[in-house]
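First, the structure itself, so that you have it in front of you.
In order of appearance the chains are A, B, C, D, E and F, and numbering begins at 1 in each one.
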Amino acid sequence: MEYIILISGFLLVLIGLWGILSQKNLIKIILGFTVFNTGINIVMVTVGYVKGKTAPILDVISPEEALTSIVDPVPQALVLTAIVIGLGVTALMLVYALKLYQDKKTLDINNFKDLKW
Amino acid sequence: MFITLMLAWLLLNNSLQTEVIITGAIISLILPWLFCGKCEVFTYLRITPKALLYSVLFIFTFLTELIKANFDMAYRVLSPSLPINPGIVEVKTKLKSKIGRVILADSITLTPGTFTLDLKDDSMFIHWVDVKSTDLEKSTQLIVNKFEKYLEVMYG
Amino acid sequence: MANTLIFIAISITLLSLLISLYRFIAGPEKANRIIAFDVMSVSTIALIAFISVLNKRIIYLDVALIYGILGFIGVLIIARYIEKGL
Amino acid sequence: MFIAIAIILAIVSIAGAIMAIHHKKLSVAIIASGLVSLTASVMFLLLAAPDVALTEASIGSGLTTIIFFYALNKIRNNHD
Amino acid sequence: MIKKLLIVGLLTGLAFMFYGLLISYNGNETLTGLGSYYAQNGAREVGAANLVSAIVVTYRGLDTLGEVTILFLAAAIIGFVLKLKKDEVVEARPVRETSELLTSASQVIVPVIFLVGVYIFINGHLTPGGGFQGGAVIASGVLLMLLANPTMHISHNIVATIESISGIAFVAIGILGIVLAGGFLDNRLLPLGEFGTLLSAGAIPLIYIFIGLKVGAELSNIIGTISYNQNEKPN
Amino acid sequence: MSENNWNEIIGGFIAIGGSLFLVLGSIGLVRMPDAYNRIQAGTKASTLGTILSLTGIIFIVPDWFGKLLLLILFVLITNPVSSHVLARAAYYTKVPLTGITKVDKLKETLEVEESRKAHLKKVRIQKEEE
């Protein structure tokens, strides 16, 4: 099971990267970024998975036997932080895209040439 | 309002320890105080023995109608010729209170072959899979009346 | 015994997910796709409940509750968007 | 059994990702990316991480989709 | 065209790297390193049943403080960028009125959604969830109110007050941890209590309440700013 | 122990029935001719399917009664509301009805209102001109 999820996580990363690099529309690029983000999160959680163990919440398990019956909690805590920060970054990118749209009346990335030399 | 929130809190926690109950009481006191403008929905509720009896009957009718609706839908979906005859009809309702209208519209949505498309004042526009009559009176009697007689007692 | 029955139920639910995925991909209008999205999110609630029975942990049901709330609000906001009322 | 669930979820999420990148209409693309997040949350549940599943379902799929739609609404208003 | 070929080449290289990773991954059998330390000692030292929230709040408390700060900065920058142009007059847009069914039903549903949000961040040390998820649920409740009544507009003063009070309280609990117990954000300034009940795990429920209020206020601030649709100027 | 077993078997069959309704709903989603009929099939079948599945789980694990009951109530309240809002949005953005639709009372009412509004506007303009 974890192999299939790992493969789908990698595929999501590749599709998201393809979207970021090949699309012209700004909103599409941000969408590619979110897909990329999701794929990376799936890969990180899969790395912390231990076969046949249960979630790191000790309501039916006594603390003494925790070592032999739970999965690794550290990657989960990291991914939790990453998702929340991903929301902040996405909102910021969207607002900048809106601002660019209000200035230039277009979303095509080929029209933003101000920094080109 | 307080009772509803407290009940939901107990169902959510699924336990009856004292500290859980105390915390739930504090929260369900604070939340209605924050939304005091919203209390109007619950004021129409009548608590009399007759209303309680009618609500039990209403739930019973509603469940049977729901199951009947699904077998009806299954028959329509599975038969190869797709026996549908759709249309939009208009019905009248006598209910005035808001929550009664919400419950009425929900139950119409979940009963055989009908769902609410729009509400204007006292007339509802209903999309009907199998139109039996386009007349206002007759369709009102067919669709609305079986629920309205209970809801009228419960919420007025 | 109960596990076998739940296996069968899970397989049927997965079949329904796939069939509504077809409507999601093929749907001619935006409204059709949103209906398919709604049906998929509601049937995923049932799927999460089955998974929590298989794992014998009650805490997984919280995820189903949040899933229901956010699916409802997502459908509402898309509907308000397409009727230009946002 | 979990393998079958994982296979179906992988199919759904990859179809959603391809639709999100390649569909011409922006709103359909955004709904498809919401679908990717929803399936990813069930995947986290399979990996015994209910905390992350909750976060992904509430923040990743819900609020991100909502913010995208508000932004799209503003663009459409200025457009016509 | 040459650009697309370049991209395809890059992605193929990346795919080969991932293939190598996939081959070398063959499922963990036991916990290793940091994870095993937390699994052995976490429950005894912190007293929380949910080890993930134990890590997020106590062992990595400073990270959480930084995360909350990042969200606050994002909300502030969004407000700043969107408020920049004031002089341009945008004509009021006709908003289609909501149906009566939605407004009535939302009055029933909104308090329940708030209750679920509160449940999630108070029980963060027993069940999955915590401040961030509860805050997101509360923000979605605010959003539902906004959807049912599009002309409503969120008062910035109340939101900003809630946000700053809970932020100050969060830092104050951290400093109290230095004074009364081992270090910054140490949760042992309150008694640990009985394992697995609602009022256990020291200060974790308290910290999560403040984080939840703060995150909820920030997210509703973001939503309120981004949905502010220049409706204020009539005609 | 045997009673417990019977509970589990009954619950399992109820859950299978619920998932069958889910499948019927999605088949209806594919087969129906227009958006409104699809909403009909989708809403009813998915609501009853989810409710039956959760009820089956109540039979299997009776300890989880509280949360499952809350989930059932939540699905029962929100699902019709969301489908109503969706149908209303589809109607006002003029998603076409299927060809075999018989009557459309709402369109007639809206047309009557439109003409009345136009008439009022004309009258007002005339008054202002005078």
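Here, a contact is a pair of C-beta atoms (placed from the backbone, for glycine too) under 8 Å apart; a residue touches a chain by one contact, two chains touch by 3 or more.
In this text the structure is predicted, and so the values were computed from the model without any measurement.
Note on connectivity: the fewest chain-to-chain touch steps from subunit A to subunit E number 1. Listed by label, the chains that touch subunit B and also subunit C are E, F.
Using the contact threshold fixed earlier, the set of chains in contact with both subunit A and subunit D is C, E. Farthest from subunit B in terms of Cα centroid separation is A.
Chain pairs D-E and B-F differ in how many C-beta pairs they share in contact, with the greater number at B-F.
Between the Cα centres of subunit A and subunit F there is a gap of 33 Å.
Between subunit C and subunit D, the centres computed from C-alpha atoms are 12 Å apart.
In this assembly, the C-alpha centroid of subunit A lies 21 Å from the C-alpha centroid of subunit C.
Residue positions of subunit B touching 2 or more other chains: 8, 12-14, 105, 116, 118. Residues of subunit D in contact with at least two other chains: 46, 48, 50-51, 53-55, 58-59, 62-63, 66-67, 70-74. Across the assembly, subunit E contributes residues 50, 52, 96, 99, 101-102, 105, 108, 112, 116, 120, 127-129, 132-133, 137, 140, 143, 222, 226-227, 229 that each touch 2 or more other chains.
Screening every pair of chains for touch gives A-C, A-D, A-E, B-E, B-F, C-D, C-E, C-F, D-E, E-F.
Of all residues in subunit E, only 96, 99, 101-102, 105, 108-109, 112 touch subunit F in the complex they form. Against subunit A, the residues of subunit C that register as touching in their complex are 55-57, 59.
In the complex of the two chains, the subunit E residues touching subunit B come out as 99-101, 104-105, 107-108, 110-112, 114-116, 118-119, 122-123, 197-199. Residues 2-3, 6-7, 10, 13-14, 17-18, 21-22, 47-51, 55-59, 63, 66-67, 70-74, 76-77, 80-81, 84-85, 88-89, 91-92, 94-96, 98-99, 102 of subunit A touch subunit E in their complex. Within the complex formed with subunit D, the subunit E residues making contact are 50, 52-53, 93, 120, 128-130, 132-133, 136-137, 139-140, 143, 219, 222-223, 226-227, 229.
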